[in-house]
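Two complexes are shown next, each including chain A; its partner changes from chain B in the first to chain C in the second.
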Partner chain A sequence: MEFDLAYLARQVPALRAGFLLTIQVSAIAVLLSVGIGLVGACLRVMRVPVLAQAVAAYVEFIRNTPLLVQLFFVFFGLPALGLKLSLFWSGVVALTLWAGAFQVENVRGGLAAISPGLREAARALALSRGQYLRLVGLPMAVRTGLPSMLNTCVSLVKNSAYVSAIGLQDLAGVAFDRIASDFRAFEMLAVLLVGYLALVLSLSAAVRLLEHRLQTPFRP
Partner chain B sequence: MNKTRFAAALLALGLAAGQAVAQQLPPLPQSIRDHGVLRAGVRCDQPPYGFRGSDGGFAGVEVEMARQMAAWAFGAAEKIDLQCVTADNRIPQLNAQRVDLLIATLGVTPERARVIDFSDAYRWGGSDLLVKKGSPIQKLDDVRNRTVIMLRGTTQALWFDANMPGLQSLRLNTASDALQALQQDRGEAYAHDAATLIVIAARDPSLRLVGEPFAIADAAVGLRKNEAQWGAWINAALARMKAEGLYTTWLERWVPAEIRQPYTDAFIKPRPTAR
Partner chain C sequence: MSYALQQIVENAPLLLIGLRATLMLAVVTLAASTAIGVVLGTLATLRPRWIRACVALYVEVFRDIPLIVTIFAIFFGAPFLGVPLKPFPAVALGLSLWGGANGAEIVRGGILSVSRGQLEAATALGLRTWKIYLLVLWPQALRAVLPAYTGLLALIVQSTSLGALVGVTEFLKAGGLIIERSTVMQGINPAFGIYFFVLCTYFAICSVLTLASRRLERRLGRQAGGGATIRAPDASRL
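Moving on to the complex of A and B:
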């Protein structure tokens, strides 16, 4: 079977819609999961009673269960508990919760890497714990944690393909649909690989730009 | 040239066997004979065609067809190697030579005909919609502007793509996901083979069928491309099953009397016209 460009051209509108949905789902989940990471890490580092333990339990729970099962649980399981999210938000929430757990650990790692001297200096200047985190800790932690945070974001974009399992017509969903109907697996899988590669490479480029900007104050 | 003539001769032989001398089957191809058993792919989750019986063994009308073919080909119904295939792996299983034929609720579509060959049709199969008992959906057109659940790659998915473009659809991978989604109101109707839905609706009083047939397709035996002699043998065997009235016997064995009529029609009556 040879590569059929004319066939591929006919599938462009559907694939474009799927691609946009993948970007949409991933972008929302990336932003929300970074938010969870920042807040969760602060709660843990500040040892806020109950909440710190809850964050730790959440991280352990998510990191030790398969994403596919979490996704099915959000889609099919939560309605039984009275929480019915739409198809789109089921996908976003599952991806966000998954990536959020890893981001908590990424930010926490960044905070832990800050030298004790800086922490003591902040205390000597009479900064409260909250002020220390806001003015010193998080800005430093995000700088050091950026590579691992990017790693999690890249995994999130790639894992967003799982949402096709609950029926979201993202890039992978559209392609799997066409493969099941037309048996043009070669063309469609090639599109999938190229599509996700382009997405991840642009994400990496954007983060490198951000990294460059964040390093500005430290350059001679 | 020689090859064409050979194929034509085989075809003629197949036709003759189908029409006039139903008892005489054409010679079995050597490649099939060499295995010593009939390697057939059947469904294991599609009652009453192919499913797991109460003893866990293969059961259903299409399984009977495969066993009958083994009996005619190798002299005993036990000379068979049955394998479970699913909707999306059956064609790859056939083309990877793991089985030599598919009797697996396989509908004839142009897309599939590109990658495999089909025998003559042995029955037709329509589609239907499963909805909740209190649903306002009474006919096919009522699903416009609503969400319809369907499985990827099914005849229903192709039909809705072609006939109701822009329809809201929820495409899932397994029948149990689809049923779960219907019960949780993720969609208002579940489109699938009528044969499958009849069984579900008969079992679950909270669901009902809409009952307007659509996307009627022939079901045929699937075989690899370029196996004309094997195709002719299969066609002759199918004609003989029909001539000897075997389908009726098998349907009586596997389908409860109260829902048997639509299945009998599908094997015996000509294919109706529908959208």
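Moving on to the complex of A and C:
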């Protein structure tokens, strides 16, 4: 079985649509999960009763369960509670909840890395804990935690391929469908290999570049 | 919800079959990943640059391609190469290639964490390279990699759920079968309860492993003379 370029060319529109869907799902999930990370980490660090424990439990639960099962739970299970989400939003919600747990830990790690002197200085200036987080803590935490936050985002983009398991036509979904219907495995697998490698490698290269830039003021 | 509970009790044998397949898949994958990880991780600490580059390429490729794509590629691609694979071996192979990449990183870190003086002393004593690894570097690296390895096992257990997509009747698939059956036969859809139960079971298994990993990390880190331990692969690298 040889590699059929003409066939591949005919599939370009479908693959492009799939690729755009991958980007779309990941972009929304990235934004929402960073939001969860910021809010969750603040709740934990401020030790808000009940909510702090709830965030901790959420993080532990997500980290110790498979993403695929979480996705199935959101898509097949939640309608029983009257929460019927479309395919697209099921995928977004599952990916968001999954990545959000890691973002909480990333931001928390950034907050923990702030020197105690700064916290004491903030208290000496009579800043409330909320003001400390908003004006001092989060800006610094995001800066130090940015590399790990972005790495989680890269993983999120990669793992957006999981949404094909519930039938969403993202890049992986389109390619798997074509393999099943046209029996042209090599072409589609090559597309997947190149597509995801290019996506992930270019994103992680961007992360490294940014990391380098962020460290500029701290280099001797 | 009580209906789902009743279904779980009634279908306990099916769930146990699924759980057994999950654990078997995890054990096979762990063994194969360890083999790949030790070989590649060791190669990555050797001098020649091209060997290190090859290992780095392997690690990068299998960690950057979504695991679901790797497994589908093997399962659907193998017949085109003339070697049709059954679901279980196909999934085990895909998971092992991925687990081996993560294992190689851990082993490499473990060997590099052994203090340089050990390597120099062994060289000065005239030991051959393979003896240096066997008698000096591996035993000391073992301590350092133990926590990370336990963490990797938790990730492997989670990843076995992908088997459900290509037809391995592991735990997730067993749950799906129960839902399908009762939806068709009784017209009641217990997806919420069943999948919640499946989530909780994975949580029970994996959190034990995660806890063990953290405890090992703390204990080994505290011991006098203990070198740095290798960080467990982040679950977000799944």
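Things worth noting here:
We take it that the second predicted complex is superposed on the first by the 200 of 220 C-alpha atoms of A that agree within 3 Å, B and C clash if a C-alpha of one lies under 4 Å from a C-alpha of the other, contacts with A are read in each partner's own complex, and residues count from 1 in each chain.
We take it that contacts are C-beta pairs under 8 Å (C-beta built on N, C-alpha and C of every residue); 3 or more make two chains touch, one makes a residue touch a chain.
Computed from a predicted model, the values in this text were never measured in an experiment.
Applying the stated contact rule after C-alpha superposition, one finds that A:176 touches each of chain B and chain C. With both structures placed on the common chain, the touch criterion links A:73 to chain C but leaves chain B unconnected. Residue by residue along chain A, chain B and chain C are tallied for touches, and C comes out ahead.
When the two complexes are overlaid on their common chain A, residue A:64 makes contact with chain C while staying clear of chain B.
By the touch criterion defined above, A:167 lies against chain B but remains apart from chain C after alignment on the C-alpha atoms of chain A. When the shared chain is aligned, chain B comes close enough to touch A:87, but chain C does not. Judged by the touch definition given at the top, the superposed model places A:189 against chain C, while chain B stays out of reach. Of the two partner chains placed around the shared chain by superposition, neither chain B nor chain C is touched by A:132.
On chain A, the surface touched by chain B in one complex and the surface touched by chain C in the other have residues 76, 79, 165, 176, 179-180 in common.
By the touch criterion given at the top, residues 76, 79, 84, 87, 165-167, 169, 173, 176-177, 179-183 of chain A touch chain B in their complex. Put simply, chain A touches chain C in their complex at residues 1, 60-61, 63-70, 72-73, 76-81, 99, 102, 151-152, 155-156, 158-159, 161-162, 164-165, 172, 176, 179-180, 185-186, 189, 192-193, 196-197, 200-201, 204. Residues of chain B that touch chain A in their complex: 88, 91, 111-112, 114-115, 149, 152-153, 157-158, 161, 170-173, 177, 180-181, 184, 186. Put simply, chain C touches chain A in their complex at residues 60-61, 64-66, 68-69, 72-73, 76-77, 79-80, 154, 158-159, 161-162, 164-165, 172, 176, 179, 189, 191-196, 198-199, 202-203, 206-207, 210, 234-238.
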